[in-house]
Every structure is written in C-alpha cells, then in structure tokens.
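What follows are several structures.
Each of the two complexes below includes chain A, the first together with chain B, the second together with chain C.
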Partner chain A sequence: MLEVANLVKRFPVRGGVFRKPLAWVHAVSDVSFALGQRESLGLVGESGSGKTTIGRCLVRMEEPSSGKIRIEGVDLAALDAKALKPWRRRVQYVFQDPYSALNPRMKVGSIVGEGLSVHTSLSRDEIRGRVERLLVDVGLSEEALGKYPHEFSGGQRQRIAIARALILDPELLVLDEPVSALDVSVQAQILNLLADIREQRSLATILISHNLAVVRQVTDRTAVLYLGRIVEIGPTAGVLDTPRHPYTASLVASVPEAGRPVTPALEGEIPSNITPPPGCAFHPRCPRARQGVCDRSLPELAGDAGHQVACHFPLG
Partner chain B sequence: MKYFLTACAFLVCMLLPEILALSAVELDLTNGNAPPGLSHPFGQDLKGRDLFARVIHGARLSLMIGLAATLVSCTIGTFWGAVAGFRGGKTDAIMMRIVDFLFGLPFMFVVIIVLSFSGRSVVLLFLVLGLIHWLTMARVIRAEVVLLKHREFVQAARATGCSTWRILVRHILPNISDTVIVYMTFTIPGVILEEAFLSFLGLGVPAPDASLGTLVREGIVTLSVHPWQLAFPAAFLLMIIFSVNILARRIQHSLTAHSGMTASGINH
Partner chain C sequence: MNVMTETRPPLVSVRGLDVAFAMGRNAWFTAVDGIDLDVGQGEAVGLVGESGCGKTVTALALMGLLPELGCRAQAGAAVFAGREFSVRPGYGPNGLARGRDVSMVFQDALAALDPVFTIGAQLVEAIRVYEDCTKDVAREAAIAALVRVGIPDPESRMRAYPHHLSGGMRQRVMIAMALLHKPRLLIADEPTTALDVTIQAQVLSLVDRLRRESGMSILFITHDLGIVGQLTDRVVVMYAGMIAEAGPTERVLARPQHPYTIGLLLSMPGMHGRAGRLAAIPGRVPSPAEFASIPGCRFAPRCLRADECCRSEVPPLSEVAGGWVACHHPGGGADA
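Take a look at the complex of A and B:
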C-alpha cells in the first residue's frame, strides 16, 4: 500500500551574509520500507534518529531531499502542491503534543470538520453530522462540537486530534508519539482507542515512538532507526524479543523492569548527524565493533525477508 | 463597566456638538477674548467663537484622526507582516528590508515636507500618519506569525490540504487578533499626539476646522493674557491621551488574562 524507497532528508545549516548552506544535517539517509494494507509499523529510535522526520516527509510537512514515497504506484514526493491535494486526505498525521496541535481559537467542530470543508462539497449540516458521529466514535460526547480545545484534558484533546485525522477516512495514519505527552493512566485509554480504530477501519498505521512497550502493543512490524538509517526491521515480537542488532539489544536492555537493576544501555551520546561516523554509524558506541571493519564499511540490511539487520556482526 | 467611562467620554465628544447644536465657527467679534462665564463655560477666543464648542469639536476631530490613521496603519501593517512572516524566505527578507529602510527615514521630516507641498486636507493627514505607524505593526505581526507558523495546528492545517489563504485567515489571524487589538489601542494616542504636533506647527487640519493641536497653538500665543485659551484644549488633549492609554493597558490585561497567552510587551 505504501512503499518508501531510498528516502533522504537533509537540512541545511545556513550562515553568513548570504545564508548559504555551510553544512548539512543528515536527518534521514537512504531509508526504504514497505507497508501493507491494514499493517502497522513502528519506528523506534533515540531522539535525533530521524523517526519523526520520516513521518513528516510522508505527509509532506517536510519536503524529502530525494527518494520516493509511493502509494498505489504514485510517487507523492514528486507531486506539486496542487496535484498533492487529493492525496493529502489519504495520509493523515497525529501530533505528539495535543496542546499545540489544536487551534485555540477554533471550536472542536470546526477543527475536526475542516478536512471535510477543504476536500468535499458537503453542506454544513452534513459535516456537522459526520463530525458528531466521529466524536462519539473516539469516545467524546456530541456536545464537544461547540467547545474550545482548552475545555478538554490532554487525553480528550488527543481524541480530538485523532478524530481530525480520521474525518477524511485516510488509508494511512502516521502517529507521532501519540501518547508520550499524556499521563500514564490516559495512555492506556488512547492506545485502546487506537487498537479499536485499527480493528474497525481498514487503515495502515505508522507509529513513531521511543517507548518499546507502546510499540509492542500496537504494531505488527518494527523498524529500529539509528542516525537516520534503519538498522533492523522485522516482526515486532522478533525484533524486540530476539534483537539481532547490538543497538536494538541495548534499547531493549535499557527498559526498566521491576526487580532488576537497570543496566546502563550505551556509553556516550548519539553522534552528530552533521558529520556521521564513517562506516557503520553505530560503531563508536558498539560493544561488538571491530576495528578495520565497522569503521570502514557501511553494513547493508540483510537477512531473510521477514527480519533484516544492518550489522557486520549481528547477534544470534 | 470597566470601559463605561471611556465609552461615555468618547460618545460625548462624538455626539455633543450635534445635540447641543454647538457652533465652533460662529463669530462674536464684540466679545473677543471673553473669559469663562455662564454662557461660554470655556470663554471665547480672539474672534469671539465659543471655546467650549471649539474644544469639543477639536477633540472629536483628534479622536477621528486617531482612529482612522490607526485603522490605516493596522490594516497595512497586519497584512504586510502576516504575508512576510508566513511566506518566509526571500519574500520575507525583501519585505522586511523595505520596512527597515523606511524606518531609517526621518519620518516626521518627510511628513512635514509632504504636507507643506501638497496642500492640507484631513484625509491626507490620516493617510500620512497611518503610513508612519504601519512599520512597527508589520514587525510585531511578522514576529507573531513566524512563531505561529511553526505551531503544530498550523502544520496540521497544511497537512490537511488547506490553502495558504485559508491558513492565514482561519488559523493565523484569529490567533494574533489580541496583539492587533492591543497594538491598535496603543497606537491611537500616539497618532493623536502626532496630529497635535503637526497642527501645532500649522500643518494639521485646514481652517475653519480646528483640532486640539490647532487650539493649543492659538492658546500659546495669548498665554500671558488669556491663559484659559491654552489650559482647556491642553487639558483635553492630555486627558484623551491618558485615557486611551489606560484603556489600552486594560484591554491588554484582560486579553492576556483570558487567553493565558503572553503579553506582547508593547510599550509606548
């Protein structure tokens, strides 16, 4: 349904009188993956790994520097604004922070219904009816329609944001850390809502998260990102239970568990993505790195089609 | 209730001349320079015109010029700043360099030259005054729009497929309306003062109309003999500027209290 091929996003670092690019931040480097109908993919990684940038490229909030984003064979990355418009309704985005994602000066009815007034010629009453039904579907009352966002709690706001994303019946929903700004008790409710939505609608989802528990609960497959590249991709259970990349292993090990002292997962910081390390970007922090190999050549994703890893010396 | 007094004063200035059928131009040469009395509470000027009527008329004219020039400046400034801030990049750079350039000009000097050469009219006066103030407005609005543009609800609107125009009108402008209103009310007294200054120099509204600035100028001439001819218009001018300033501050406070957003920190 969705096919991303060799996606690259670089941001210029500008300076000087003429604001010429002095350097480039390599946010996403050569990322490829595919997503089937109704499938759910998790994008996991530290901050700076490029997971959010990938999501933003999918809805063209960022312009990809190169690469293809294909839906039904049409490359969205190549379309201009006008040609893109009909495709926009098929890919929708839910933001991390439900507080800044909703216009404080618009009523919930207009926020949720805006997609319909932009993309369809439905009458106001018809839009109102649809918005009402959807608000009930996401667990709010119909009266929410006439209220302003500040009258709602964080969890309710996220429900509103999800309703806004769903009103156009998208085929792909990009969820950018949809619960990380919420209280733990509310997180579960929103995750259940997302599970319900996936069950009821034919909808593929991409979940961007650093929370492995959330990824495990919501996704079918998981891609682990490090410094803008996919280092491991496969079925969620396989990737998280038997990680093959040392980085994935350290991520899994760093999840705190009751009755076990937390092992410091990794030494050092994520390197600068202006000047990424040569060879495998992970080698300066990798316990298995060997000189002469890992700092020289870039490992490619390899393995059977189900579970691939980009490492010279994979685990297991 | 908060704004009741200001509103009353404003209405008095606007309507009183009509209700009382006060004439600010009727001459009474035999009673020139008469002191305040029962029939003429503020006294009479050199030509025997009723100073009370002149002051009320002048206050009305000053307020009207203040409002009109502020509207001109805020319309241009909001549009200019919003477009520059929202488009960003080269458009932004060019538009804001134009603002910087105009800021560099000694504006009062330019205004004086324009008014001296082109003949005086009320319309020209408020156009010219409006053209000074839009510069600051454009800067303030641009800064707000640049901040808003990166807020997630604006990006969400873009990702939904909203047109640029729709985003500006539905998402950006409603969120800067506080700033626009506060800045507008702060601009009014500034404009009134500048109009008074121009009138004081003899470049203000053409005779037989007189703004408060014109009256102050006439009063200065006879200050040592008939001090009330200066005192009344000057006191009115002061009160108008003070009260509009206080009003502006009130509005600023209540808006920031309501929305919980930060004050724009505009000071005059």
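Take a look at the complex of A and C:
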C-alpha cells in the first residue's frame, strides 16, 4: 500500500550574514520500508532518531530531501501542491499534543468537518450529519459539535483530533505519540479506541512512539530507528522479545519494570545528527562494537524477509 | 492514624496535610485534602498519581515552596527528625534547612537552573550558602560534585550554561546541586519524565546508587509504576488530593487493593505479550476545582464497584493486607 524508498531529510543549520547553510542536520538517512493494507507499523526511537520527521515527510509537512514515497505506485514526494491535493485526504495525521493541535477559536464541528468542506462538495447538513456520527464513533457525544476545544479534557481532545483525521476516510493514518501527553488511566482508553478503529475501518497506521509498551499494544510490525536510520525492523513481538540489534536490546532493557535491577543498559548519549559517527552510528555506545569493522563500514539491513537488522554482529 | 507502619522512627512525618489554592474571589479549591505521609530513615517512598492528584503540591509543602499568595496550607503535625516544621505557604524559614535537611530535584531541569549563570557559578553559590569557604575551595567541591554524578569532563562543564547541556546532563547537574549538602531527604519530582529511556535508566541508577551510598531517604514522585517498582520500598497512591492506597511496593504492585490502583496497573500496556483490549478506567481525572463537588469517595464516579455508600461517604484509610486502603470495597487485585 505504502512504499518508502531511500528517504532522506536534511535540515540546514544556517548562520552568518547571508544565512548560508553552515552544516546539515541529518534527520533521516536512507530509510526504506513498506506497509501493507490494514497493517500497523511502529516507528520507535529516542529523540533525534528521525521518527517524527519520517511521519511528517509522509504527509509532506516536510519536503523530503530525496527518496520516494509511493502509494499505488505514485510518488507523492514528486508531486506539486496541486497534484498532491487528492492524495492528502488519503493520508492523515494525529499530533502528539491535543492542546496545541486544535484551533481554540473553532468549534469542534468545524474542526472535524473542515476536511469535508475542502475535499468534497457535500452540503452543510450532510457534513454535519457525518461529523455527528463520527464523533459518536470516537466516543464523544453529538453535543460536542457546538463546543470549543477548551471545554474538553486531554483525552477527549485527542478523540476530536482522531475524528478530524478519520473524517475523510483515509487509507493511512500517521499517529505521532498519540497518548504520551495523556494521563495513564486515559491512555488506555485512546489505545482501545485506536484498536477499534483499526478493526472497523480498512486503514493502515503508522505509530510513532518512544514507548515500547504502547508500540507493542498497537502495532504488527516495528522499525527501530537510531540517528535517522532503521537499525532493526520486523514483527513487533519478534523485535521486542528477541531483539537482534544491540540498540534494540538496550532500549528494551531500559524500560523500568518492577523486579528488574536499575542498571543502565547503555552509557553515553545519542551523538549529534550534524556529525554522525562514521561506520555504524551506534558503535561508540555499543557493547559489541569491534574496532576496524563497526567504526569503518555502515552495516546494511539484512536478514530474512520478516526480521531484518543492520548490524555487523547481531544478537541471537 | 499511623498510616505508615515502619519499625524505625520516621525521618519525616506529616499528619492531616491540607493545601488549598484560591480560585477567583473568596473561592478556594483543595488540592491536597488531609493526607498523612511518613518517610523512614533511608527509605525510598514512591508518591504516585496522575495530573492534579496533589503529589507535587505535597512535595512543595514539605520543601516550604508553596506560594505565599493565593495558597493556604496547614497540617495537624509536621515533624522532621524529631523537630517540628511548618507547612505554611511562603518561601521564608519553615524550620527546615533546605539543602541540608531536604533537597528537591525538579522535573524540568532547564526551567529549574538559572539560564544566565554558568553551571559552575550556580554550584559555587549553592555551596557557599552553608559553607564559609573561598570561591576556589567551593569550585573544587563543585567539580567533585559533578564527578560524583558521572558528568564527563567536569572542569569544562563548569563553564557551560544550562542550555549547552543535554537533558540528561542537566538533570545530573540538578541532582549534584541537590546533594551538595548531603540532605537527609531528597524529593525527586518526576526527574526523568522529560528524558529518553536509555538516559532515564542512567539517571535512575545514579539516584539509586547515591541513595545507597549516603543512606538518605527519597520521596520519589512519579506516574510510572515501573519506576516505583524498581526504586522504592513503599508506595503511596494518590487520587484527587487524597491517599487511595499505601503499602510496601512489592505487595501493592502484586496485590493492589484499591480499585484505582488495580485500574492503573491494568490500564498500562505490558512489555510481555499483547494484552488484547486494555482495561481502561472510564471517565477522566477530575481537576482539583471539581473535588468538592464529588460527595463520598472521589473515585466513585469512575469506579465499577461504586454503590450508594461510596457515593455518599468518604471511605477512611483502613488497614488491609499489610497496607492502607481508602475504599469501602477493597481487595481483589490479583497479580495485575
């Protein structure tokens, strides 16, 4: 359904009198993956891993520096704004912070219905009817239509944001940390709602999250990112239960859990995206790194079709 | 009411803490409603709850950091190491030596550190509050403090400004600053929520190590039950300004008695196998302004066990299963 090939996104670091680019932040480097219909893919990584940038490139909120984003064989990355418009309704986005993502001056009815008035020629009443039905579907009442976002709690706002993304019946939904701003007891409600949506609609989802437990709950496959590259990709259970990349293993080991000793799985911090380490970007922190190999050559994603890892000395 | 059964005499003991904030003219809402809290010598206590439950306000009351304007606070008793202290709002003297008796590490290190002074200047200033020494001596002590929290190249970090450092490094600096005068109680308010998981693990293990080395007590405020399970001896679960459940961490996590604790544990997605549908707690967390409008148990509107009694009578904290639970129908939390 979706195919991302060799996606690259660099941001310039500008300075000097003429605001010339002095250096480049390599946010996403050569990322490729495919997503089937109704499939759910998790993008996992720490800050600076490029997971959000990939999501934003998919909806062209960022222009990819190079690479292809194909849906039904059409490369969205190459389309101009006009040609892109019919595709926009097929890929929708839900933001992390439901407080800043909703326009405080618009009523919920207009927020959720806006997509329909832009993309369809439905009458006001028809739009209203659809919005009402969808609001009920996402667990709100019809009265929500005439209210403003500030009248709702965080969890309810996220439901509104999800309704806005669903109103155009997209084929792909990109969810950027959809529960991390919510209270724990409310997170579960939204995760259940997402599960229901996936069951009821024919829809592929990409879930961007740093929370491995959330990814495990919602996704079929998981891609682990480090410094803008996929280091491991495979079925979620396989990646999290039997990680093959040392970075994935330390991510899993870092999740605080009762009964587990508090020992850091990794020393050091994520290096700068401006000057990523040569060879495998993870080698300065990697317990398995070998001199002369890991610091020289970049490992390619390899392995059987299901579960691939980019490491010279993978685990297991 | 001796809520916290501890064999050793507690280091801090607060009874009946009330904190209220002004909401418009002559209207007050109660953020913390009559809670009792003990922290034993060398004990690590987790204070758990969601936004607005009063966990941070409780910590600020202990630190004497409640704002003077628009805030009322009182306690039936507040004792630290045998002497009384005050929970009165205002930043003036409260009977505790901040930094020596109690220190606090805040959630947002970038906001807690002063952006216009170097790390070194801030550490030196903090050292000289209690120690009558020259700047050079204080400088050496500051470098030693940075070494203790595992900051690489401490001498050059002394000249750095807070924004030069990564989130994890800033949090280490704050921990170093909090521990300068060897406090007997460290209050850590969500010190790792802003950090990545691998960095979080580093900071948590640092806190754990420093606690074991120094024998200080810790009050760890968090919403993450995984962290509570890893780091604390005892846990206090708060809901809507009151204590819902308290007891030994291992027991509370394995056999929770309060429906809220049970709900929290069940609503967390696990790391081992997909849980299918999560058992979400219906409804939402009430805001402190709404507490007063909930008669009876404040969890009742979201509780599956709630009956007439729950909706009219506030359940007292009573002893159940080696801990304390405020519920009319406690029990039943098998391994969640």
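The criterion applied here is as follows: the second predicted complex is superposed on the first by the 316 of 316 C-alpha atoms of A that agree within 3 Å, B and C clash if a C-alpha of one lies under 4 Å from a C-alpha of the other, contacts with A are read in each partner's own complex, and residues count from 1 in each chain.
We take it that a residue touches a chain if its C-beta (ideal position, glycine included) is under 8 Å from a C-beta of that chain, and two chains touch if they have at least 3 such contacts.
Only a predicted model underlies this, so the values are computations on that prediction, with no experimental measurement involved.
Undergrad: Determine, under the contact definition given at the top, whether A:Q217 touches first (chain B), second (chain C), both, or neither.
TA: Second partner only, chain C.
Undergrad: Chain A residues in contact: does chain B have more, or chain C?
TA: C
Undergrad: Considering only touches as defined above, state whether A:Y226 meets chain B (first), chain C (second), both or neither.
TA: A:Y226: touches no partner chain.
Undergrad: For A:Q189, is the partner it touches chain B (first), chain C (second), both, or none of the two (neither)?
TA: So A:Q189 only meets chain C here.
Undergrad: Given the touch rule stated above, what does A:L266 touch, chain B (first), chain C (second), both, or neither?
TA: In the superposed model, A:L266 contacts chain C only, not chain B.
Undergrad: Would you sort A:F282 into first (chain B), second (chain C), both or neither based on which partner it touches?
TA: In the superposition, A:F282 touches no partner, neither chain B nor chain C.
Undergrad: Is A:F33 in contact with chain B, with chain C, with both, or with neither (first, second, both, neither)?
TA: It touches nothing on chain B or chain C.
Undergrad: After the superposition on A, what does A:P104 contact: first (chain B), second (chain C), both or neither?
TA: first
Undergrad: Output check: A:V118 vs chain B and chain C. Expected answer is one of first, second, both, neither. What do you get?
TA: first
Undergrad: If I apply the document's touch criterion, which positions on chain A are contacted by chain B in one structure and by chain C in the other?
TA: Chain A residues touching both partners: none found.
Undergrad: Sort out for me which residues of chain A touch chain C in the complex.
TA: 46-47, 153-156, 183-189, 191-192, 195, 210, 212-214, 216-217, 237, 240, 250-267, 269-270
Undergrad: Going by the contact rule at the top, pick out the chain A residues touching chain B in the complex.
TA: 59-61, 84-85, 88-89, 92-93, 95, 97, 100-106, 111, 114-115, 118-119, 150, 161, 164, 168
Undergrad: Under the touch definition given earlier, write down the residues of chain B that touch chain A in their complex.
TA: Result: residues 151-153, 155-163, 166, 170-171, 174-175, 177, 259-260 of chain B touch chain A.
Undergrad: Inside the complex, what are the residues of chain C that reach chain A?
TA: 50-51, 166, 168-169, 196-202, 204-205, 208, 223-231, 249-250, 253, 263-264, 266-271, 273-275, 277-282, 284-285, 302
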